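Listed after this line are the structures, all set down as structure tokens.
Next come two complexes built around chain A: one with chain B, the other with chain C.
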Partner chain A sequence: MEIRQPSWPVQAIRYGVLIVLAVIFLVPIVFIAFTALKSRSDLLTSPFYALPEKFQWGNFAKAWNQGKMGMYMKNTALISVIKVPLGILVEALAAFALTRLNFKWSNAMFAFFLIGMMIPMQATLVPLNIFLNKTHLVSTYPGIILIYIGFGIPFGILILRGFFRTIPKEIDEAALIDGCGDIGKFFRVILPLSMPAIATLVILDFMATWNEFLLAQIFITKDSMRTITTGLLSFRGEHSTDYTLMNAGVLLSIIPILVVYLLFQKYFVSGLTGSVKG
Partner chain B sequence: MKKTISALLSLLIAGVMAAGCGSGDNGSSEDGQNGGEKKVAISFWALNTGWEWLEPAVKDFENANPNIDVELTQYEVDPIKEALKVAASSKTLPDMWFTWGGTLGSFYPENGLTMDLTQIAKDHRWSEIYNKAAIDMSTYDGKVSGIPVHLNVLGMWYSKNVYDKLKLQAPKTFAEFESQLAALKNGGVVPLAFGSKGGWHTMRLTEQLIEHFAGPELHDKLNRLEASWNDPAVIKAFEKIQEYTDKGYFPKGYSSLDPTEAESLFYQEQAAMINEGTWFDGNIMENGFDPNNYDVFKFPNDQPPSRASVFAEMFQINGGSSPEKQEAAVKLGEYLTRPEVVNKYIEQYGSPATLNVNISEKTPHLKTLLDSAGDGAFLITDQALPQEVVQKLFEAQDKLAFHEWTPQQAAEAMDEAIAKYKSK
Partner chain C sequence: MTARALKPWLFLLPALTIYLIVIFVPSLYTFYLSFFKWNGVAADKVFVGLDNYADLILHDSVFARALKNNLLWTAGSLILMIGIGLMLALLLNKRIKGRIVFRGIFYFPYVLSGVIVATSWAWMYNPTQGFVNKLLETIGLESWTRAWLAEPETALYAVFVAALWQGVGQPMVLFLAGLQTIPHDPYEAAVLDGAKPYQSFWYITFPLLRETLVIVVATTMIASMKVYDIIYAMTGGGPAESTQVLSSWMYYQTFKFANIGTGSAISFFLVLITMVVIIPYVYYTTKRSHL
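Take a look at the complex of A and B:
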């Protein structure tokens, strides 16, 4: 069958709209880059849209070393590489149980998990602080990772349960005939078939963990353990803000997110569409 | 396959545990023994950026007091407010913490969370060590509730270049100030580099206009919520805000302008004056300019005494900590504010509440401003009023600028907000 190409005016409008959208999305990033490359006096004496008088590439080194962005990124990466796979594993196991183990209250339990998405994070700060203090987990990585996993569970289950339901039950039966138990079915059949949903979750979960601010600012009190979002605030003093280094830090901080997105993006859309079909 | 899964799970669990171990100790504040002498560990929360002097000063203190361990945690501005609120609600406040004065700092003594330092202040002769205004700002219901660390005084900073070009000199009366606003505007310069995003930049002018029209006594009563804000003096002050907006004395779109953007107009000499405080020499330097090109005057509010707007910062001590920890915390707080320590770190220290210190030449306007509070001072409005009333004032300022409210309506709205606050 021949695929009909749209006429040139349609193509022109389509590309025109895409170009305008791309410009709208890129403009803030360009201004962040301009700010990151200016000196403080240049920033304060020239319009924000002006090119830097002299390109201050050293701002990136300053943000990395003096602003300790390197250390904050390392801390955030450590939390993310533990939290994201561990969280997804827990969520996938729960979604598997909800869709494959056929127990009586599975739908009610699913609804119960979803309640977690409706609780405002701010309302949990005081009880979480009491819990972490009593368990001596304040300002420890296990403490913050546990909380992050907890907050990630409802959304993860929502996505994965939806996707698991699209996998035909016949495949389970085939696995059973081949001698798979529930564990084998989960790891050998369901998980490999769910790569698009898992890749989607990896991207979303990584972004959420990388950018999380509220909990990190309360529960990580040691500078040596701070994450990137709370670390960026160190460019802001009581009476002034160093916007040049802060913007350099912001640019550095988005690199890992871009890398993760580029690595997993080919699964992204199919993961999301699959998850809402069920 | 099962082996692979087990290995993966073990790796993850080991990773979590290793991360936990890597976090070091949990800031335990348990007492230990050191050479027979009982060791006291105290936790101390303070600000971070701009307080680079604190960590070495605390280390000096620990060296001088080997029986005291200080677990210092430094936060940025908003995080420390949030962390203190959460800690107060969950009864996990540290042994000593930094806080601002006014309604931000009063929360802790009002809720019985701080140590009463009145007797210590008397015994240790704080009146000879700290600026009286700073002690007053750290006192609630007659009880000294904090060790004063900073006293910030506000003034109207101006660009000498702009003033020289227009042959102007610092105004001495309110009428002179107003005629200069017109002269600057006619000279093609925005008179007031104010960015009212957040509200507090314009508030610093509003409060001086209230001081001018109401006088010190009524202004204090208004701040203590003992007088109605629906008062002719307040209405006149609000009329001025609207008038200055209409005459273009503020930058275009100042209601949504960030104070930093307003500051940039000041450096570009597109605007002449900015209402900032004792920290501003430092800002000018950090931004790559020379403080000697700028000067500052006390707002000419025509009142005897001519009072400056001030705010204090202090260290409060946990009322629930053990007597040993409280004693150690007092010792630390007094150490960090003693003249030798302030002098050692004066270039980073900010605006000390401590008397008899050597002011650095790098901050040429600090002494002028500190001295300007000598005639009298009032507490800055956003610390004097309850926070919900402050928010109503910010809203009133914006609505006056947009002519959504008349000055009369703004004054009535303030009264309503105060009545609502009092009825709680």
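Take a look at the complex of A and C:
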């Protein structure tokens, strides 16, 4: 923040630059919304910047049902709802062991988990494919959820370990005096105290799962199980000439993210800065 | 082992098991596979030593192209993504009304998936109906219109513009957070000493932002070397392989051409490059703040 009130020409230039950039940033979304709400003939005849002649809300219903966008979204929601809490539980248990159990190998194990952040997903795909085939988990929800949890582990442990370390040790002694075992300490003391970190992690993890593409592309081969990213791609392939319908599909897939973003914006910003600083 | 010593391992067990199954063991096995010729189905893998690596470097022109594209992408991201992000952060750190709204608008694309961004921008670039060509026609620059994603000369840059739209919000938010930790006093002292605004920036803001800059540069480089979703979903590496990057070429070699050994070798290039960035980064951060 500045100390002195800047002169008005300086302020005018600043607002000018910001407003122009903001408009440029909004163009793609607005253009998609306009297209999605037009009829096919309207799209061909009216100028590209014109509002729809008559709003075609039916395009959304078509994309949701015939375009199967509804099904793809339900699949993604199902995976996320299981993956996110289960993953965080697993990560929290590990972070608990690394920070609060006087564990001799604590630093070494933490470093071992961090190696996972260096490994690009590409370097695991073929062996994972063999593994899923051998265990008959290919194109199943347990299979994809297991893999998603795996890739969330290094980052989740990094965040949760960082937060658990800020909880004072005196709390452990108090829990011990009150007769809490380690399990009780984990569920009744550490987890409730860590809610800010967990909330951030839930949001980031949910978004990462919702947006994941590469693993879904390789490990989900059945159309009926596709998630929103791979689903949108196949939807686009099938409706590549019907621009209004295609953009209705894109807009549908943007809406849930927009809602989550508007509701939890502060978590994105704070979680992000917290995460990279470890 | 006593029960007490065993206990941490019990808490670690689920995470450790899944981590080993999903990341650790598969990556070692991929490394092993990179020394073989294998189509993924045949019972026999033929050991070829370093041939897969040598073939990529010496004979695979698409690999060279992909590597070059990754480097171009990295350079573009370091200059434009970070540059614009820093500029936005500096602007929003001034006395600006509606800061939260502006920040929200610039950051929002970052939370969209690469596939959504790719699909949206493919529509923006549509040769006949897309916004870009329509706008050029309307303002009388019809001769500039082209099939942006279908021409090898423009495709990579067109995809990069979409990635820029998606990505500048991230460095912006990180820089904003960094700027907010800088105290007021040095600026007040600088004003008293008669410093010009650019001098304040260069001698106060910039050094104090160094930590944030290191984080932003490291994450940008890593993301640039791994870029995949947006390219695959926008051009699939085409036209004429002009937009292939290491990740997409790895995908084609492995899952389309069934050259498992070659694909594995490419993915180990990615591991190596990532390490070259991450190890100095971790060294730097742990040296400053004891982890």
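Going forward, the second predicted complex is superposed on the first by the 203 of 278 C-alpha atoms of A that agree within 3 Å, B and C clash if a C-alpha of one lies under 4 Å from a C-alpha of the other, contacts with A are read in each partner's own complex, and residues count from 1 in each chain.
The rule is simple: a contact is a pair of C-beta atoms (placed from the backbone, for glycine too) under 8 Å apart; a residue touches a chain by one contact, two chains touch by 3 or more.
On a predicted model such as this, the values are computed, not experimentally measured, just so you know.
Contacts of A:228 after superposition on the shared chain: chain C is touched, whereas chain B is not.
Counting the residues of chain A that each partner touches, chain B and chain C differ, and the larger count belongs to C. Once the two complexes are overlaid on the shared chain, A:268 sits against chain C while remaining clear of chain B.
In the superposition on chain A, A:254 contacts chain C only, with no contact to chain B. In the superposition on chain A, contact of A:246 is made with chain C only, not with chain B. Once the two complexes are laid over each other on the shared chain, residue contacts for A:126 go to chain B and to chain C alike.
Once the two complexes are laid over each other on the shared chain, residue contacts for A:65 go to neither chain B nor chain C.
Within the superposed three-chain model, A:28 lies in touch with chain C and out of touch with chain B [touch as defined at top].
Applying the stated touch rule to the two superposed structures, the overlap between the chain B and chain C interfaces on chain A comprises residues 43, 125-127, 218, 230, 233, 236, 243.
By the touch rule above, chain C contacts chain A in their complex via residues 5, 7-12, 14-16, 18-19, 21-27, 29-31, 33, 40, 88, 91-96, 102-109, 111-116, 119-124, 126, 129, 131, 134-135, 138, 165, 170, 173-174, 177, 184, 187-188, 191, 215, 219, 226, 228-229, 232-233, 247, 250-251, 254-255, 260, 263-264, 266-268, 270-271, 274-275, 278, 282, 285, 291. Residues of chain A that touch chain B in their complex: 39-41, 43-45, 78-79, 81-82, 85-86, 89, 125-127, 129-130, 133, 136-142, 145, 183-184, 187-188, 217-218, 221-225, 230, 233-243.
Partner chain C is touched in their complex by these residues of chain A: 1-6, 11, 14-15, 17-18, 21-22, 25-29, 31-32, 35, 43, 47-49, 90-91, 93-94, 96-98, 101-106, 109, 113-120, 122-128, 131, 146-147, 149-151, 153-154, 157, 182, 186, 207, 210-214, 218, 228-230, 232-233, 236, 243, 246-247, 250, 253-254, 257-258, 260-262, 265, 268-269, 272-273, 276-278.
The touching residues of chain B, counted against chain A in their complex, run 1-2, 5, 9, 12, 15-17, 19-20, 22-24, 26-28, 45, 47-50, 73-79, 82-83, 86-87, 89-92, 260, 263-264, 267-268, 276-277, 279-280, 282-283, 286-289.
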